[in-house]
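Remarks on the structure that follows.
Labels run A, B, C and D following the written order; every chain starts at residue 1.
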Amino acid sequence: MSAAPLLEIENLTLRFGQVEAAAGESLVLMPGEFVGIIGPNGAGKTTLLNLITGYLRPESGSIRFQGRPIVGLPPEVITGLGIGRSFQVPQLFASLPVLENVLIALATPCGGDRDAWTPMVTPARERTARALLGQFGLQEWTERPAAELPEGGRKLLDVALAAALRPKLLLLDEPTSGVSAEDKYPLMDTLVAVLEREGVTTAFVEHDMDVVRRYARRVVVLSEGRIIADGPPARVLDDGRGRGFLGG
Amino acid sequence: MSTLTIIGVDGVVFAAWLFLISVGLTLIYGVLRILNIAHGSLYALGAYTGATLLLAYFRHDLWPLGSLAVLPLAALLVGVTAGPLIERGLLQRMYGRDEILQLLTTYALFLILEDVMKLVWGTSPYYAYRPYGLLGQVSLGGVVYPGYSFLLVGIAALTGAALWAFVNRSRFGRLVVAVIHDPEISVAMGVNLPRVYVVTFSLGAALAALGGAYTAPMIAIVPGIGVEVIVVAFAVVVVGGLGSLEGAALGALIVGVVRSAAVHLLPTLELFTIYLVMAGVLLLRPYGLLAGERVRRL
Amino acid sequence: MDRRGWLVRILAGAGAAVLAVALAVPVRQGVQAAPAKPGEVKVSFVTFLSGPAAAPFGVPARNAAEVLVEQLNAGKAPAPYGAVGIGGVPIRAVYTDEAGGADKQVAELRRLVLDEKVDLVIGYISSADCLAVAPVAEELKALTVLFDCGTNQIFEDASHRYVFRTAGHQILDSVGAARYVLRADPRAATIAGINQNYAWGQDSWASFRDSMRRLKPGVRVVAELFPKLYAGDYSAEISTLLAARPDVIHSSFWGGDLEGLVIQGTPRGLGKQGTLVLTTGDTLLPRLGRDLPEGLVVGARGPHGALAPDIPLNRWFKSVYTDRYGIRPVYPAYHMAQALLGVKAAYERAASGGEWPTKDQVIAAFEHLTFETPSGPIQMALGNGHQAVEPSAYGVTGPFDPKTRERRLVRVVRFSTACVNPPEGMKSAEWISQGFPKARCP
Amino acid sequence: MIRLLVEGDARPATAGWALVAAGIGAALALGWVLPRWLTFVVTQGLAKGLAVMGVVLLMRAGLVSFGQGLYYAGGAYAVGFAARLVGLREATGHAALGVAAGVLLGALVGVVVARYRSIFFAMLTLAFSMVLYGVLIKAYTVTGGSDGMPIPLPTLLGLPVPADRAGAIVYDVTIGCVALAVYVIARYLASPLGFLMRAIRDNEVRVQYLGGSVRRAIYRTYVLAAGLAALGGVLGAFNVGHIDPDLAYWTTSGEFVFVTLIGGLEGVGAPLGGAVAYELVKSYAFKYAPYAWEMVVGIAMLVIIFLFPEGVWVSLARRRRRTSP
């Protein structure tokens, strides 16, 4: 594994009025890591993802991806550099069939916003899309509009769309929220299996401590826009500070 | 110096008229989130109703100044008839549907109302200019202005103040604000949403009609007078910020003064002023001067 | 379904409507040969029936057509138009709306001529429509009489065989206005214009301004305002005019705009400090009655309305029109009468041999024709006999006449056709800029 | 239609091309059979249909352009200027110039409007077309003002067009241009950009997070739509033989938007069929209800909105599919 960090965050700050959403966060992600980000509501977890992906712009601080500063770039450019992302509320093309969702995800990074001439649907691309849906266990739903998927399926498709980009870094925002208790582990098993096979560096925001304990290799704890703990799950989660902030 | 005075007076008089014709549009958009293309038709409806009432009034040889009080009656009439009819009959079926379809619905309404007015009032012009000369003349900067122009300014100011008080001080106004903020939560809190919608739309319609009614004594009322008004009102409201009362006032003032300056100093540009102001403002502030950008939470 | 499926659908989409229409259309009939006397003459009248030009122009013109067709078909018109309909054949009128733009009117003309098979078309108030329709009428070889539009381009920039215009173009209004103003006030030194921002307003102002400069060198323009058509509110423009204090203010406003200008300007003294010239002001007289101020210079785009001569044909026209519609005819109605009576005169002259005339015979008879109208005799003098010349007349609003319920026009001056129209073969702009060569004025 | 593409075979069968050729041939032949006034109406419908197609392409991303008249007029006036000022008579040159003018205008205006959505997009496009309208009226020494200007009969590939055959020839040229435009649009709809516009309508955020620039996608489509409208304007100018500023007035653009209601958003041919049908209906509404034709159009709109929200064409096609075994 290479020693160069994939993502370096330094002294990130951002305020929403009186609330400090980021109060000088610094964080380094190495290639191949699988990191869980936890913290109470309003700790700035989603804000951190929004800052990295360019949806929000920090007031100060720097973000480097593979050594390149990315603050100020629009989301589509940052995505193009190799950072994929899923959302708390899945961001899908709800009225389009599931297969088309993935086909668009495959075609868009290859100049989909400028190519008005070559057909989007090629046999090769369609095979890739079906294979990806197979990996995520969505092969039964290919022809149905994404809006008809159950919540777990929507979450999976949301990640599948991000994964279709073959990102170097994948940021998942609460992949198991809104999913029933008995579906959580199968969903995470599916996700982790795919992502590990592809060797994608992953950071995921999560509320369920059991999920974090079971899947994360490293845990970062956020509170009021600060990183208050960072380390292996066993140490961080059993540490009193982490526990206290998570409300038990 | 005197040219500046004239520009200022003309600008304010024109701004008063602009405010009257556009404030209803912004109110309706703010609450119902529907851009009412038929707004100009409601203005025309107000002008026709106002003229009809004025003609009836003068037929009875009553106190001439009383005619000025007949005009709000016309607005009220349009508000309580056309307002609920359009909102209940048509628009309520469109809530929550595609914005494009909402826009097209009001466009269809505009086409229908134009011909309905022709069927009701015919194609011959209506004149009701008697009130225009009733208030005497005022000389400002060497130029004579009719008192009526200042009545218009007064009515616009009064309307604006009354609306502001209504929205910010009355109980119903607070309900309206709640609905603007979040229709779903306000329903959960027991707000009668259909009632808020029908009252707001009728009020907006009445305001359009008020603008029309007070314009009636200045012009010959003929089919088609509403068409231009739509575009002008849109521009004013977009400059100020869609859905903002203060924005409508500010937009009207800016457009009014810029246009009046153009008429006096650069008549060739007069035609474009309204669009230039609109394009310029939107380039700098994409959602108008007094409207915040709504950021979507992820 | 495969890709073929959607290609077929594209075709279906593009072609289905075309095919459906094609099947529904009956096979075309052959071109008519030597004409026998027909059962009727089918005339299409195209005027504005909707939009802002309907009330001031379109409807009065349509009404004039309607009442005249009734009268002519009943044989009740006075000499020389006593024959039933046209040459004994009743007229059948088809009324069409001029609204919808020039492309719409071109489509309508094709439909009227090719599908509805009208014998001739009388119409068009808008100059844009006249300019668009004229070449199509030539292509269709359809006899078309333009009755009201004012542009001078039609016969000055092209020559036509099937197109006639029985009204004078806007030059005579502007030249007449300039001559009248300088007669009434030879000391006038500053002029201003408020005209609608479209071809009619722009052309009218340009030819008035140039005529003034030509007739009285040194005349200064102090304001040129072009508010947009149907603007409604003219407060700022009126302020500008009042502040500029010109000796003469020219306006070719018409319809609602004209009335708005007068209503808004009167209480502010517009027309008191200088002369206000309204070239289409005749329409105001019956509308505003006593409320129209005194001292306005008013024209009627020729000797029409209140400026029409007191002759039997005019008295008859005024009375049948007023009886039917409760208001006296204004100049668009007179223009319509000119067109219909001109057509009748041309047909009857062509048919004087006893046989029903061919289209070519009607055209030959129409060219250079002089015929009687309620406005006096009209001569097809310009454009190789296809364009009428009219005299011009202006007057000043005077005391209110309770009998007609209008203000009387005083100090009326009539300018003969040779005084206010360019000679044959000369363009209007050149005629004015060269100082009105060959003009003969009283 | 898009769904069919996903499963479809990438290359059309030769039988398909034969059908296309036969269809175009049949359409061309119709021009010499139909009565002249009807050829005119159909040509006019097809010319406007091209502008309507542009509106449809944008509407697929949820954007209503109330200003396509800007490009329709732009194309038409490019022909007018070329004929009047430069003396260019060749129709193919006119067409190329008109489309270039439209694309150029679209490329400039698009920089501004591609930032806006919903009502702001609608109003800004409207404002730009009204500015052109104002310029056309104001600059009357060049444009002829509100009177417009005549379009002389052009030559076609160097050959003069005889006046009595002009209608049929313009119709055939229109069919040819429309066939070409349909091909381009079909490629566009099947392309990543075409799909992306539907995706933008559903979810702009996701498009961004797939690395797609929403603004660029809208911009490119806007320019394409401008080119289509300009081509329509060129053909309309040939057909009518006269142009005036009303082509840029917002009610012209409103008509284009109205026709999309008839055609719906999914077809390629439907906007064309819709435009032709609309021209015919307008023709007859004029004839039978000269005082109330706007009302007829308005009521028709409401009926369509309430009964066929996806457009008459698409809704009927769907109903047929559902009822067929």
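What we mean here is this: a contact is a pair of C-beta atoms (placed from the backbone, for glycine too) under 8 Å apart; a residue touches a chain by one contact, two chains touch by 3 or more.
Just so you know, these numbers come straight off a predicted model, no measurement behind them.
*Asks:* Quick check on this structure: which chain has its C-alpha centroid closest to the centroid of all protein C-alpha atoms?
*Replies:* Centroid comparison flags D as closest.
*Asks:* Taking mean CA positions as centres, which chain lies farthest from chain D?
*Replies:* The chain farthest from chain D, judged by C-alpha centres, is A.
*Asks:* Distance between chain A and chain D based on Cα centroids, please, to the nearest Å.
*Replies:* A distance of 42 Å separates the two centres.
*Asks:* Express in whole angstrom the distance between the two chain centres, defined as the mean CA positions of chain A and chain C.
*Replies:* 73
*Asks:* Would you mind pulling out the distance in Å between where the CA atoms of chain C average out and where those of chain D do?
*Replies:* 35
*Asks:* Can you work out the whole-Å distance between the CA centroids of chain B and chain D?
*Replies:* 34
*Asks:* Tell me, which residues of chain A touch at least two other chains?
*Replies:* Each of 87, 91 in chain A touches at least two other chains.
*Asks:* Send over the residues of chain B in touch with two or more other chains.
*Replies:* 115, 118, 227, 268, 271, 298
*Asks:* What positions in chain D touch 2 or more of the other chains?
*Replies:* 5, 8, 10, 134, 137-138, 205, 291, 293-294
*Asks:* Contact residues on chain B for chain D in the complex?
*Replies:* 35, 90, 93, 97-101, 103-105, 107-112, 114-116, 118-119, 227, 231, 234-235, 238, 242, 268, 271-272, 275-276, 278-279, 282-283, 286-287, 296, 298
*Asks:* For the complex, give me every residue of chain D touching chain B.
*Replies:* Result: residues 59, 62, 64, 112, 115-116, 118-120, 122-124, 126-128, 130-131, 134, 137-138, 205, 250-251, 254, 257-258, 261, 291-295, 297-299, 301-302, 305-306, 309 of chain D touch chain B.
*Asks:* For a test of understanding, state which residues of chain C touch chain B in their complex under the given definition.
*Replies:* Spelled out, the residues of chain C in touch with chain B are 49-52, 54-56, 58-59, 197, 223-228, 230-233, 235-237, 239-240, 242-243, 255-256, 259-260, 263-264, 266-269, 287-288, 291.
*Asks:* Quick one: which bits of chain D touch chain A in the complex? Just the residue numbers, please.
*Replies:* Residues in contact with chain A: 2-3, 5-6, 8, 10, 187-188, 190-196, 198-199, 201-203, 205-214, 216-217, 220-221, 224.
*Asks:* Under the touch definition given earlier, write down the residues of chain B that touch chain C in their complex.
*Replies:* Within the complex, chain B contacts chain C at residues 2-3, 6, 9-11, 13-14, 17, 115, 118, 123-125, 127, 129, 132-133, 137, 141-146, 148-149, 215, 217-225, 227-228, 259-260, 263-264, 267-268, 270-271.
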